[in-house]
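Read from first to last, the chains carry the letters A, B, C, D, E and F; within each, the first residue is number 1.
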Amino acid sequence: MFRILTPKTVVSAHCDLPCGVYDPAQARIEATSVLAMQKKAAANDDPLYKTRAEIIIHERAGLAKHHLAVLWHDYFKPEHFEKYPELHDLINKTIKAGSGTGARGSLDPATGQALLDGIDAVAKIFWETKGKEYVLPQSADQA
Amino acid sequence: MFRILTPKTVVSAHCDLPCGVYDPAQARIEATSVLAMQKKAAANDDPLYKTRAEIIIHERAGLAKHHLAVLWHDYFKPEHFEKYPELHDLINKTIKAGSGTGARGSLDPATGQALLDGIDAVAKIFWETKGKEYVLPQSADQA
Amino acid sequence: MFRILTPKTVVSAHCDLPCGVYDPAQARIEATSVLAMQKKAAANDDPLYKTRAEIIIHERAGLAKHHLAVLWHDYFKPEHFEKYPELHDLINKTIKAGSGTGARGSLDPATGQALLDGIDAVAKIFWETKGKEYVLPQSADQA
Amino acid sequence: MFRILTPKTVVSAHCDLPCGVYDPAQARIEATSVLAMQKKAAANDDPLYKTRAEIIIHERAGLAKHHLAVLWHDYFKPEHFEKYPELHDLINKTIKAGSGTGARGSLDPATGQALLDGIDAVAKIFWETKGKEYVLPQSADQA
Amino acid sequence: MFRILTPKTVVSAHCDLPCGVYDPAQARIEATSVLAMQKKAAANDDPLYKTRAEIIIHERAGLAKHHLAVLWHDYFKPEHFEKYPELHDLINKTIKAGSGTGARGSLDPATGQALLDGIDAVAKIFWETKGKEYVLPQSADQA
Amino acid sequence: MFRILTPKTVVSAHCDLPCGVYDPAQARIEATSVLAMQKKAAANDDPLYKTRAEIIIHERAGLAKHHLAVLWHDYFKPEHFEKYPELHDLINKTIKAGSGTGARGSLDPATGQALLDGIDAVAKIFWETKGKEYVLPQSADQA
């Protein structure tokens, strides 16, 4: 009823056509927003404020997840996954940390911090693959 | 300058809160559109037609990529990746098959078929984790 | 001040160019999410949880509405509306069942079920126009 | 395998909750853009210009279709469809006039004009249901 | 580390290529929705209703902001800003009136009215630049 | 027919509620993609490649415009516009440099560079308002 994908079928995919420009800062800026909102919502008892905080956290965490997924499937190549065997797991768990069971569904700043920590770990590897040391985006202290 | 994400930090993430409903059919329907468009564009010499085909392929392949990424980070859990050690790679390569270096950047139906084959392989594992045999969506023969 | 659209003006529109691939499963999977969220929210007293449930229901019901509208205006043709005189009304009422006055604005699972029932009735006709019997998507029992 | 939607199930849907504000001008402004782009593209031989025209027409016609669908399923009520038996058909054909087989897939200004004519016919009925005479949006002469 | 943008660099930008069609009615219709929602939410004590109102206000105010920004950067030209020296400020403050510190983050209809007033003031100038007198969209009394 | 917005009406808007986190790097990363695509498209004669380049440039430049507009209306406050009287104009011209008459409608890398230069000038002021010196995002050399 369906054909099995053999590794051979898609292994020829390589980046000889429109590669975008990648920067883990995109995910980190959104995650910084999530953490900042969580801290503000924790210090505010107005139900409308908390509702709005959750609407914005939902948006921002969703964008952070998207940017991380793009790094995983568009930037990182088979040779990166060979060199960093934990990379699949690290990105997968970091995106989960930005999901409904993590920062996206919580007003606890610890969950936003866990998401940021994961992004920083991914970013460190990202810049290593380019022979550079990771520098935090300038907005890092806004949360 | 940044803290390393230790597995301990996020391993507690589990799906006890808003889990969505998942179905690989979402990715497959979009990929079927991609393949159908590629076949039509191959048989049409009008430049406007080809431009429109590429606009729609860009949209549809982008949605297929998104639905696959959602399966990877929202549905599949650590125990699935343990049971299917090739799963990370399979999904990663399938999303790449739907990217600019694959079906999203080509009018060659072979690339659309490679994307479909990858989705079917992911779907087979998806349904195995639920103890069911994978059945193709009813729209499978529309391409 | 404006010209009246005579049926003659647009009746020549027929699908000889980029037709997409259609499958009512797209609307049904989103509606299944709506119903699943309503059931979970009903069993949970946390205000944040209920807020998040409503955010997600708003998203998913909006997508279900969109997929139904696409079937109505992109897939179904004049000959279908002739053969099924109730079809306009059925789709219109089903989309209304997914709107703010229906499942999109309620946490009552009965509204989510009404949306699903409408989608199934539309899907039955959809597959009849293709000479096939409608089979529920595999994700049907996830709600 | 699925329950049939009886009219009884959803007929109770009426607008006693969050109704939006509706105005056919939303669809008309987008359609005016479509027509304006078609006229400019017809007078320009640069392939990049034509590609950009089609990208923008694809966006704008898609928005016009969406706004028309919203009028159909969110604004118009059963009593309107009873009073205007041709209304389902008129909206359906107008959206088709904005689809790939109509203005969305063509650089011929006649297709953009057909879309505008359909929107005007819908708008005339819309304002009749509110006891007003339809006035064209101020941007009507920008195409 | 970076080059300073001299006015000379971009002053050559003028509208000789794909200009869209512009109409302040787009922002006004969305803002009318915001005000209508605020009035309804004020008269309803159901927490779910208020949550839904805020979700919709967030969407609609976001669209109003977007349409205003488009007028500012895509429609208005240097000569307009010269002729109306207060125009930058007026649009900037109007968009802020539709932001989280204004109507987007409040259920107080006074904030929605302030947004509408700002849009009307922008629209008056917009139509003056085209030698016309501003007429409110027909949907103006729906809030 | 409409009330004029007096400055008094909205001047009370200040950021005491959900402020996001802002970083000009968001606009710059997208603009870097635009420039990279323009360079690649210039070196490639395949019509499909050029079409795809324009689709992606259209997306990326649109995002750069959006991020710049957000800085203008959500981050910058009246006191900033007083201190930097050229700021309105600088941002307005930079967004125009990313529009259809600029980088968004061209494959000439000079237009992408002009957009980047504008963003850098805005970013320099942005960081000055925070008492910091602007540092280019790490992805700056990917174009």
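As a working rule, a contact is a pair of C-beta atoms (placed from the backbone, for glycine too) under 8 Å apart; a residue touches a chain by one contact, two chains touch by 3 or more.
Since the structure is predicted, the reported quantities are computational estimates derived from the model, not experimental observations.
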item: For chain A and chain E, chains touching each; value: C, F
item: Chains touching both chain B and chain D, listed by label; value: C, F
item: Interface residue overlap between copies chain B and chain C, same or different (over half shared); value: same
item: Euclidean distance of C-alpha centroids - chain D vs chain F, Å; value: 32
item: Intercentroid distance (Cα basis), chain D paired with chain A, Å; value: 38
item: For chain C, residues contacting two or more additional chains; value: 17-19, 47, 51-52, 55, 100, 105, 134-135
item: Arrangement of touching chains [line / ring / star / complete / other]; value: other
item: Touch relationships between chains, expressed as pairs; value: A-B, A-C, A-E, A-F, B-C, B-D, B-F, C-D, C-E, D-E, D-F, E-F
item: Residues on chain F engaged by chain A in the complex (per definition of touch); value: 17-23, 25-26, 29, 32-33, 36-37, 40, 49, 52-53, 56, 60, 127, 132, 134-135, 137-139, 142-143
item: Chain B-facing residues of chain F, complex; value: 47-48, 51-52, 55
item: Interface residues, chain B side, partner chain F - complex; value: 47, 50-51, 54-55, 58, 100, 105-107
item: Chain C-touching residues of chain D, taken from the complex the two chains share; value: 1-5, 7, 9-11, 13-19, 65-66, 69, 72-74, 76, 78, 81, 88-90, 92-97, 99-102, 105, 114, 117-118, 120-121, 123-124, 134-136
